[in-house]
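What follows is chain A paired twice: with chain B in the first complex and chain C in the second.
The block that comes next holds the complex of A and B.
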């Protein structure tokens, strides 16, 4: 019985913490209403108005977020796939080293990696020094004030490592003899990729996509650090601004619920696929 | 027949060889091409950070013009250096403190959670497992704001600050030990425990003396991951921070990176980098020693796949 209490109640307690910590308190505006039957929807209306009403300054940010995330995910895939493929199949003796270097950005603070780009991109930074050839070419580009390309680049830079590892794990599981067999049966390089490697790495692609797109949806610091301009604001920025501004907590909560509702499907997908993978192994 | 068969075979053999050589040729070219992409990627990923570290040793105030090597921003600048700026010093020590606290609390709970999930069947543990995985993928901002509201509107006596931050971090990080230890428990299976029970071990004794030692590598790995991740955490720590005394290095970077900072900021970031690198290397060595002693394979890629 002690056994049950120990291994059951403690996790249960934690589960309660998790469940109540994330979902329940969100509904409360500065004057919290504890009874769900008495919930008021004025905050929801405010957010709805800002989304679709005449004065819809939320909507562009929401669309922008979707666009940025989509571009960043595709770019991450394009970058991560060859790198993961190389590491899984051709790295040979250097495999351990390459893998360690791939994992390294995980352990470098996200803030520090953004700081690195701020240093490079600031008006007198290295990037400007290089493209103006040390001041010879009279170009004065200010990268860090509302440049959408820079923000997307920052997102890609920040999240690629999280795409790399699941991809690597999936590609690493493809046995080389399978690839040889496809070759012997006459598959060209493209066939091999399309009909063997791509389907087999699909779980990794899905996992990586979810793993980076979900946090990106709530990201506000990348845009804050690399642009600081409302022209590149994302959903995360809207939420952050309403949190920082007094009396707008309800709107932040509503926005957050909106994001979570949208993300619920991919989140459930991810956990389901994970559970299934466990059953299989 | 025999006369003509031999050349035919020879021809066949030769054409096979040619094909194989040609394939090896394209395959090599592909390997080099992919290798080049990988190299470029690694440069892109790591050089900006290396430059940041480099400029923490700059003699002057600039973070983009090299003015000679010095430790000015670490030690001897009278007001701006890491050593002499109290707020930077506080941020550094507070970040490490938070990481230690969060790791100490997260790992045991996570291991117990994993053990419970491993032996209980039914709806409730399934739901628990689901929740644990959800915390893994939920945007951090959701958890942070949920906790912020809870602390400010519901659990007002607790207030914001260290404990709120630790609770938030623990909740967010719990999934690491759970996922990693569960994967390990699945490979261990139940035979060892059953054998121990047959030999007269109590239920608790079997777990303590058989399962926990076998689980140790997984526990170590998850502790390292949690520690390194908490060092870098920003969203939870920021929303649940109360005042300047609970400011971490990542918050400091966020607040001052765009406001004409000195290389002391780079120096601070470098120190945190060194701390997490040290923890990882030490943890890795311990992991290697432990698994060698147990005669198990130590493969980086097997570790990576558990992630």
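The block that comes next holds the complex of A and C.
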């Protein structure tokens, strides 16, 4: 409880006080209003206008973020599902080891891994060397030129282990005898997947999807490092830009609250369904 | 697994937690100090630090210096210069606060050696941009002694009572500084600052990747709107530089304008740029262009000079090019050094300023950072001949007379600055 208060509620309250606060007239630094009765909502109006008003230049970035996250989540699922399935089913006693090895690269910080990608994707980097077969094929691809595919790739690479772990946990729980029973009753491979494995791994899919889409929604340094182009800016970049720009911390706070509110819905639904499932069991 | 249903408990917990959070919030409120701004003489400048101003409230009076309006800043009571003839603080840690890669580390080491008798240590901290620097300096959490700033923050530094007036007796090396910088418009009688480096904003590129002579175009700035170079180019991650460049490109000359029509046109042009050439937004052109990540970028004159040391193996540095208007009618600016009021070693800080103005030290620093100091001992006309700057980057030399015709990026009144920020935000949100 103290933990929640210290690390969640108080910081959140400060964000509210900044978002509904004012700005120092000279330094344009945020002046939080601590008394909720005096809160002002000018910044909310500004952000609302930029989202839905006539000058809605935030909207493309929001839609872009949703698109990137959706693609990255699906891709993570496609990559992580077979890996988790085969690890759970066939790795036997080495499951722990295989899983640890799969996740090992991700003990390195996210930032470092993105910096490594910058190196790999440079014009004379390893990726281009391989694609052009060491310079034989005359292909000149500049991956780092603000390419949306590269940003999505960065997101996928960065978050795939967080999809892998909950999926593995769910798939590991499926009893092999259930699968055998399905087989015995004549289920084809596809039927087995559709009617047994998929429904039983659903909690893992939902947990993994939530686990990676929430931080992706606020991610800004993938685009910052791998693209640096405004044309791939995400909500996280808007928030980051508002924080560093003088006088706009309130807008950053408002954006943050909006993102939080939107993300709260799936979170609440998920915890409720989980609680229900636990009651049932 | 049997576990009790959680929902009712968690709701109660949440309420309890909120109850706990409240005293915390009041504690925070109590801690929140209103930082009163001690304005200069006269009443107009009391910033009315009240929290009721609103985001777009009328700002307090902020005097803004410009070449046509030179300003002699007031010295606030209690902030008089240090006395003459003091010894530098012994066993001190001199804290410098600057951009990364904007001061030669070897120069810092030399300074420590020079003041070894006093057992001096130098600590170099960095910021990403001036707003961040200003916020941290104001918070007073770290007692920085010296910072490197631009004059578009001068008024706020003075009104916020953040900098210390200089005692000129400690800084005899000012004699080597160009005349106009001994009494600059942004700080008449150099009460608070000494100049650091001067620079233009222009275009840098690699001639082997962009065979075209950009400078030969009727309007070289147009290159940023040329879809031919889509994905290969960048503009600086600095609102004033990009908006300023756009205004110049469209034939304007007032890069500090508050005129809504001009600003609106600049915004439209910038959005058009986004869709035509998809520029990246970065200040790392000094490494990205040499490495070929970018072929061309808006950059500062020092960037290409320092970029020579980032060339990949096998690429001749002579492929680097820099263009800024050869008549000086472009963005021409300078940065300065100043002593912060919150610092613990004001005497040593004065010595450091003087040290940085020494011609040998300054030259050594110049050869590393690539930014030119405005010193008499370094004549712009002979910089190429003397080998400080290679022939291919001759355009990066900054000439004294350009400060008369060039366009400085000035401090803006807060409400105008907000307009610039809004344009920048729209630009950076992407099209």
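Just a few scattered comments:
Definition applied: the second predicted complex is superposed on the first by the 229 of 281 C-alpha atoms of A that agree within 3 Å, B and C clash if a C-alpha of one lies under 4 Å from a C-alpha of the other, contacts with A are read in each partner's own complex, and residues count from 1 in each chain.
The definition used in the following text is that contacts are C-beta pairs under 8 Å (C-beta built on N, C-alpha and C of every residue); 3 or more make two chains touch, one makes a residue touch a chain.
What you are looking at is a predicted structure, and each value in this text was computed from that prediction instead of being measured.
If you count the residues of chain A touched by chain B and by chain C, you find the higher number for B.
When the shared chain is aligned, chain B comes close enough to touch A:189, but chain C does not. Contacts of A:64 after superposition on the shared chain: chain C is touched, whereas chain B is not.
In the superposition on chain A, contact is made by A:124 with both chain B and chain C.
When the shared chain is aligned, chain C comes close enough to touch A:229, but chain B does not.
In the superposition on chain A, A:259 contacts chain B only, with no contact to chain C. In the superposed model, A:79 makes contact with chain B only, not with chain C. Of the two partner chains placed by the overlay, only chain C lies in contact with A:237; chain B stays clear of it.
In the superposition on chain A, contact is made by A:96 with chain B only, not with chain C. In the superposition on chain A, A:197 makes contact with neither chain B nor chain C.
The intersection of chain A residues touching chain B with those touching chain C, taken from the two complexes, comprises 6, 10, 14, 21-26, 28, 32, 122, 124, 144, 228, 275, 278, 281.
Touching chain C in their complex are the following residues of chain A: 1-2, 4-6, 9-10, 13-14, 21-29, 31-35, 38, 40, 42-43, 46, 55, 57-58, 60-61, 64, 122-124, 142, 144-147, 227-233, 237-238, 241-242, 244-248, 250, 272, 275, 278-279, 281. The touching residues of chain A, when paired with chain B in their complex, are 3, 6-8, 10-12, 14-15, 17-26, 28, 30, 32, 79, 82-83, 85-87, 89-91, 95-96, 98-120, 122, 124-126, 129, 144, 157, 160-161, 165-166, 168-169, 172-173, 183, 189, 210-211, 214-215, 217-221, 224-225, 228, 236, 239-240, 243, 249, 252-253, 256, 259-260, 263, 267, 270-271, 274-275, 278, 281.
Of all residues in chain C, those touching chain A in their complex are 1-3, 5-7, 13-14, 16-18, 20-21, 24-26, 28-29, 32, 34, 37, 47-49, 51-60, 62, 128-129, 131-132, 134-135, 138, 156, 159-160, 231-232, 234, 239, 274, 278-282, 291-293, 312, 414, 417-418, 421, 424-431. Against chain A, the residues of chain B that register as touching in their complex are 23, 26, 30-31, 34-35, 37-38, 41-42, 44-46, 48-49, 51-52, 55, 62-65, 109, 112-113, 115-117, 119-120, 124-125, 127-135, 137-143, 145-150, 153-154, 167-168, 171, 174, 182-183, 186, 203-204, 228, 231-232, 234-235, 239, 249-250, 253-254, 257-258, 265-266, 269, 272-273, 276-277, 280, 300-301, 304-305, 307.
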